[in-house]
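Okay, so chain A shows up in both of these, paired with chain B first and chain C after.
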Partner chain A sequence: MKKYLNIKYKKALPLLKYFSGNFHKKAFRSAAFLLCMLNILCLCSCWSQRELDKLAIVLGTGLDVGDLPDTLKLTAQIVKTSEINSGSSSKSSTNGGKAYVNISYTENSVLAAVRGITHMQNRKLYFTHNEVLILSSELAKLDLSEGLDAFTRDYEARMNVNILISKGKAAEILAEDVELEKMPALHIAGMMDNQKSNSETVVVTLRDFVIATLSKATAAVAPMIELQEADGKKHVILKDTAVFKHGMMIGTFGKTETRGLLWVTNKAGSGYITVDTQWGQVVLELLHSTSKLKPVKAKDGTIHMELTIYEDGAIQSNETTEDMSKIKNVEMLKAKMRESINSDIEYSLMQARTLSADVFGFGEAIRRDYPKEWDKMKDNWDTLFPSIELETHINVELRSTGGLIKPIVPGGEQ
Partner chain B sequence: MHFIIKLIRLFKEQHARKIKRDYEMCFGEESPQILSGKLKKNIDSIKARFEGSSDLIIREFSFSEKKGREVNAVLIFLDGMVNMPIINDNIIKPLMHDKSIIQAGKISGAVNIEDIRDKFLTVGDVKTVYTYNEVIEACLSGNAVFMADGSCKALDIGAKGWDKRAVTEPTSETALRGPREGFTESLRTNTTMIRRKIKDPALKITDTVIGKRTHTQISILYIEGIADPELVREVEQRLKNIDTDSILATGYVEQYIEDSSFTVFSTIWSSEKPDAVAGKLLEGRVAIAVDGAPFVMTVPMLFIENFQNAEDYIIRSHFATAMRLLRLTAFFISLFAPALYIALTTYHQELIPTTLLFTMAASSEGVPFPAAVEMSLMMIIFEILREAGIRMPRPVGQTISIVGALVMGEAAVNAGIVGAPVVIVVAITAVSSFAIPFAADGVSLLGWFLLIMASTMGSFGITVGAFMILMHLTSLRSFGAYYMAPLAPFQRYDLKDTAVRVPLRAMNTRPQATKPQDLKRESAQPPQPSNASKYNRSRK
Partner chain C sequence: MKLEQGSISTKDLMIGIICFIQATVLRSGYIVGITRQDSWAMAVTGFLFSLPLVFIYAALLKKHPGKNLIEIDDIIFGPVLGKIISVLYLFFFASLAALNARDLGNFVADYMMPETPITVIILIFMIGCVYTLCKGIENLMHLSAILAILSIGAIVINFILVLRDIQPWFLKPLFQLEPMRYVQGTVSVVTVPMGEILAFTMLMPLLEKDTKIVKPMVLGLLFSAVTIGIVILRDIVTLGPLAEIVSLPSFESVRYVSISGILTRMESVYAVVLVILFLFKVSILLYAFALGLTEILSRNPRHSADSEGQSCKAGYFKSQKSHPPLLFICAALIYFYSLFVFESVMENVNWGATTAPFFALTFEFLLPVVSLLVAFLRGNGRAKEVQS
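Up next, the complex of A and B:
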């Protein structure tokens, strides 16, 4: 054997020279390395590989109550990639059709419905780009847990999907064409991105919603969407806020209450406040606002909440003939602004007390700062919440009068 | 007086003894290597060695000795390799025109060939040779050999003069602001060009001859006092170890002396530009010039040299830095772009922005192949086009590129065989690889490797592949230097010439990777600017 090897080695002399080292060691090493590589390939190659043209990219999902008892109807908005103009001239002939297709399937669970769609479609639903999740209020009033669990537990679906509650059928909202966007779901998602500039809608992702639902104290909220008819045409419109308790929708917040909610939860962004003065209307722009909610324990042992708001504003439009840049007018506007913010919060608090839903997260704040007290309160929080007092300190600044100082008055000089 | 006469006699005796010894060497014990004193015999032997070579010219003539006796002589050279005016005017003319030029040797029959060398040949480079091999080597290297009847020595007369390409602008590296001259195929011209850049006697040029058949002359250039003597010795040793019959270009030498053959990265740097090579020499590197190749190599080479350019030091440092960063970006794009595209489109669609995903999905709609196959196809086609474009004559090459561009860019996409994004990715990869010409070949091969990894394992595969490449790079050595220096091992001062090229005033030390003997570039006492000058740079 040894002799045989020697002969072999002599033949491999040029090769040996080439490696110019311990041939044994090198050969063994490279063989081991190749085996390792092969292992990697065998163990995990091509697993979960998907081609782009085998995907049904879901942009929006709607959940409705099914026609049969104990079922739900899942509607998925899928991109019709063949209708997307990819820029090549040969495909322009097919343009003109809808760029999406809505597929519905009724089954007794979300997952069953998703898999059920494979009976109707050659492509598997792909949820990572799901932008909106619309639940009908009919379903929301019954039970949400099933839908939420499926979308949260699944790896594919993202937690930053926008949650919306539709007044009517969710499928109808998804089916409503819009002018500026090819896909209704993208239109809704785009709208949600814009809501910071009016501070009248809550923007809630699946993650926020699930966290609020899991909390013992906080009541979850979600924006509502509905179809409205105007000029003989239907439009989707964001309006009101749905309030949940124990996984069920129990009521709504209107426009004012929603803004109050945003003030308390430090989510108010930009927006405007219309102020009535003795000379007429002045519109103030909200530039930047921060708020801080803090539980305070009084000497007698009762806990109340303290809310501090810092708000920067600017004059956006002055519909009067009065010069609003005067100090006394500025002070007056600031006072009106404070008043307006305060009344928003009051309305909001009132509605929350009526529903006995802690949408502001008072309970969470108390739990963080006074855990011992919270332990006593948490079991009958529902009855305690309406009695929690809120003390508000509102600090308002008017930073600018905009591009004009004096109002535009015929004959008035600047 | 008596003493002087004695001394002269002693000299004469010695001289006579020496001539006698020479004579014995020639006529007494005749060995085949040593030239014979008989001219006919010498000519015959040389003719026999050059049997079948029509370019050998043997010019026989005679000139007269002092006593009026005619001496036969011969001039041997290879046609086309010598400078004919030198042969005619500086060798044959003085010998034949001037009668009675020869001082006959003391011993009759022996011609004192040194006298001819010293008094009559008006040529600069003349050597006395003794053996046939030397004569033949002289002829082959383009010299003329003079032999006279009765002398067992020959004269190797430097009359080299073959047709060579003029110094032109290099084609592989173009300069915007730098010198435009490039190396030629002539070794001496090349070393001269470097010598003219570095006018310092410390610039050493040592020659060796390698190749049993090609007898290729190879020069090692280095600056004494800067280059590490250890490094010079190593280069000499490795060149000495080359055992081959042919060296036809720098690439031959490169493959014989490089540290590791198992790599796609070149560990020996080469350039067509004398200014670039001079710059490397001044960094303490050793240059190797090979006769017949318009490139000069320098060692050791570092990875970062793939992205350096002689122009970087000519333009201002801000822009040079921007260019460096751009080249590094191009390197990463050309390495990772196809692999990343495949990983994203077949494994991680969630990472693609939603609207971009639509467009990409739309363009892959109706494409019959999986994305990886599509990408491989386009990359193969591109490689073929590139190869064809380089190898074909220029007019045909243009046609190829037009046809290729149309077929690749337009027709294939319109016919729905490949998607437009794939074509875009391949094009971006190709263009990026052109921005780093030195590393382009290796990078395109590694691009394939990463593509396979990505198409089987997604981004995990890319990570594994990238780590393997990194491991490989850090394990590479080039003539004692770590290939990834100054990044690994980390050398703080050398970072000034990596991704960032600092202003020249701050580049006051040579790179440590080459282990230079003299680390500082600046003189010990920098000249002090006079404060009185109103052009003084420093502001008060």
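Up next, the complex of A and C:
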């Protein structure tokens, strides 16, 4: 039998043997070996291989309205790996080299522009590490769906990329003069991480933005960024909030209104509040805040929103000569703090009503808790939203006076 | 490669079922598309409504101990009609195997290797399945414990990592959709992951105690239902309405994980687990198909050999069960079937939403029920007559 089998193999017809059910050990081993070899081939993935030195790693993307009608201009900020490794920034500046290259291409769609860049560069754009997506307000006022759909749908791009709206050209934002960082995109992304310490900017990722645009009620928001020139250098500054409705930018929220918005949506972190007392200015630090928004149905069937805010604060600086650790003064400061928070919210609400944009997610909250009522309201939500009342309960605590109890310049009432 | 009866323990069967269903759970998008934020509840109703299926299969197998589904068909319906019914089952197994192989191919081609032709991906994958089965189905079943730990571990770790980004109110409002959607969602869960355990009826003769199958099957389904529930819950609380529009919610929710910029890109874990689980699932389906085909085509049917006694049962025919002779041909058939089964993902989704439940119910529910009824009507005595 064995001999017979060997002859068979020599004639290179082992496959026939496989179908007969009884495996010869040697044949089986050779087959297993071949299989292993094949699997190794697929492990090293020579087929769709993308070597690091063939990739153009994109860290920031800007979208502008193109010069020709109906086109958009895509600007990709690409890391220059050789420069980023070249040690201190002074050394690279003596070489006159920046650690990044901005490549722009104008085409009628995002993919067309991405592929268009292959006409100019030897490397293919790689979007997995994209940190920021900047859209110019000019484009945002026209139509946003094109750019956002492409970035959400694409397998390579991630949804935790920060979204920003630039007041001028997005391409110019990506070309700012950076000093502490080597790349404008990383600078902006790092800045977005820090925004919770001022509670004056909304921080929005692509995922949050798309969730908001998917809702029939909520108006999406995104932070705005602007270029400012000082001492011959251009620096970016985060300022205001863009408000969207049906995929189009319809207006902006200023600093106060943005903070009001953050109070209502439970996104406020820390920050400061300056209050004016009869003796002078006192600065309070906001340590920790939570808020809860919920719809309440009154007896007559109308729905209004109820907002409860819990806020912890501390006295950060006392510019008066008065002793602010006195319980009487603490109560006064707390009242001023409540007032300040309340006025932020009032401003915000006023602006939202003017724009008729439900930035707070009132509609979503009603849909969640009163789905039947929402069914009646959803068709004319745009007109109903400005009439929805907001009732606020603000609970503030001043936890400490910091490292000092009394002011450094004594005086005042003893 | 001789295989004794009883080489697969009931515990292996239970864990095998968990792995088998897990493969589909990771692609939970089709359920979220139907029942939206209430989809997690479909795991519960799906489990309850798949219990009758388990009892039907168990009753069939209990009436014919030591036999697999194809042999049972022969006994119940006689040699001719039995073969026709068996061919229908085989078509179902082959279709499932092809569909799952295609699913995996689409996933790899879309998300990981966009330039690689899908034919190559499926080919390598099928070679993997064949190799697995060459090593013996019982070894695969023993290994299922490791696979289950891997997949459940991945689910738990991913769940912990996304906790930072969850928004529990995405689950509201509870149960406000049209009732028809819940029916549709339940049927989808019952037919697509749960009812597919019909393939395990081909493995029953290898069981240690082939009469005790209700408990491992029900426990396996229960575990699977729990994991389905957790996975869907995670996807909804992380993605909210986005879960309904992305093609792979689990993939996207895991993808969002970013712990201080270091612990990111967890989707590679998901992808590895997905590939391994699909390998397990398609191997089981391929085994069911190949074994069934062998038995239909074999010249001296099993039950004639049976009359000679148990010794024969543990001999030649058992050795076939570890590794059916037509394995290579079957794998090739499924490979080509998977290449032309769907032209695009859109076609696949459309079929899954409209036709798949009815297609699957025919084989998972209708045929077994008819078999059981006929078996009862003919009675045990008559069945033995046909057998001899």
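General remarks:
Criterion: the second predicted complex is superposed on the first by the 350 of 414 C-alpha atoms of A that agree within 3 Å, B and C clash if a C-alpha of one lies under 4 Å from a C-alpha of the other, contacts with A are read in each partner's own complex, and residues count from 1 in each chain.
In this text, a residue touches a chain if its C-beta (ideal position, glycine included) is under 8 Å from a C-beta of that chain, and two chains touch if they have at least 3 such contacts.
This is a predicted model, so every value here is computed, not measured.
By the document's definition of touching, of the two partners only chain C reaches A:Arg368; chain B does not. When the two structures are aligned on the shared chain, A:Ile103 is found in touch with neither chain B nor chain C.
Once chain A of one complex is fitted onto chain A of the other, the partner contacts of A:Asn160 are limited to chain C, with no touch recorded for chain B. With both structures placed on the common chain, the touch criterion links A:Leu186 to chain B but leaves chain C unconnected.
Look at A:Val330: by the touch rule set out above, it reaches neither chain B nor chain C. Once chain A of one complex is fitted onto chain A of the other, the partner contacts of A:Leu214 are limited to chain C, with no touch recorded for chain B. In the superposition on chain A, no contact is made by A:Ile250 with either chain B or chain C.
According to the touch criterion, the shared surface of chain A, contacted by chain B in one complex and chain C in the other, consists of residues 18, 45, 48, 158. Within the complex formed with chain C, the chain A residues making contact are 15, 18-21, 23, 28, 32, 35, 38-39, 42, 45, 47-48, 155, 158-160, 207, 210-211, 214-215, 367-369, 371-372.
Residue ranges on chain A touching chain B, taken from their complex, read 18, 40-41, 44-46, 48-53, 55, 57, 59, 79, 81-91, 126, 128-129, 131, 156, 158, 186. By the touch rule above, chain B contacts chain A in their complex via residues 261, 345-347, 349-350, 354, 357-367, 370-371, 413-414, 416, 420, 456-458, 460, 464. Touching chain A in their complex are the following residues of chain C: 1, 110-116, 120, 124, 127-128, 131, 134, 169, 172-173, 176, 239-242, 245, 252, 255-256, 258, 319-320, 323, 325-326, 328-329.
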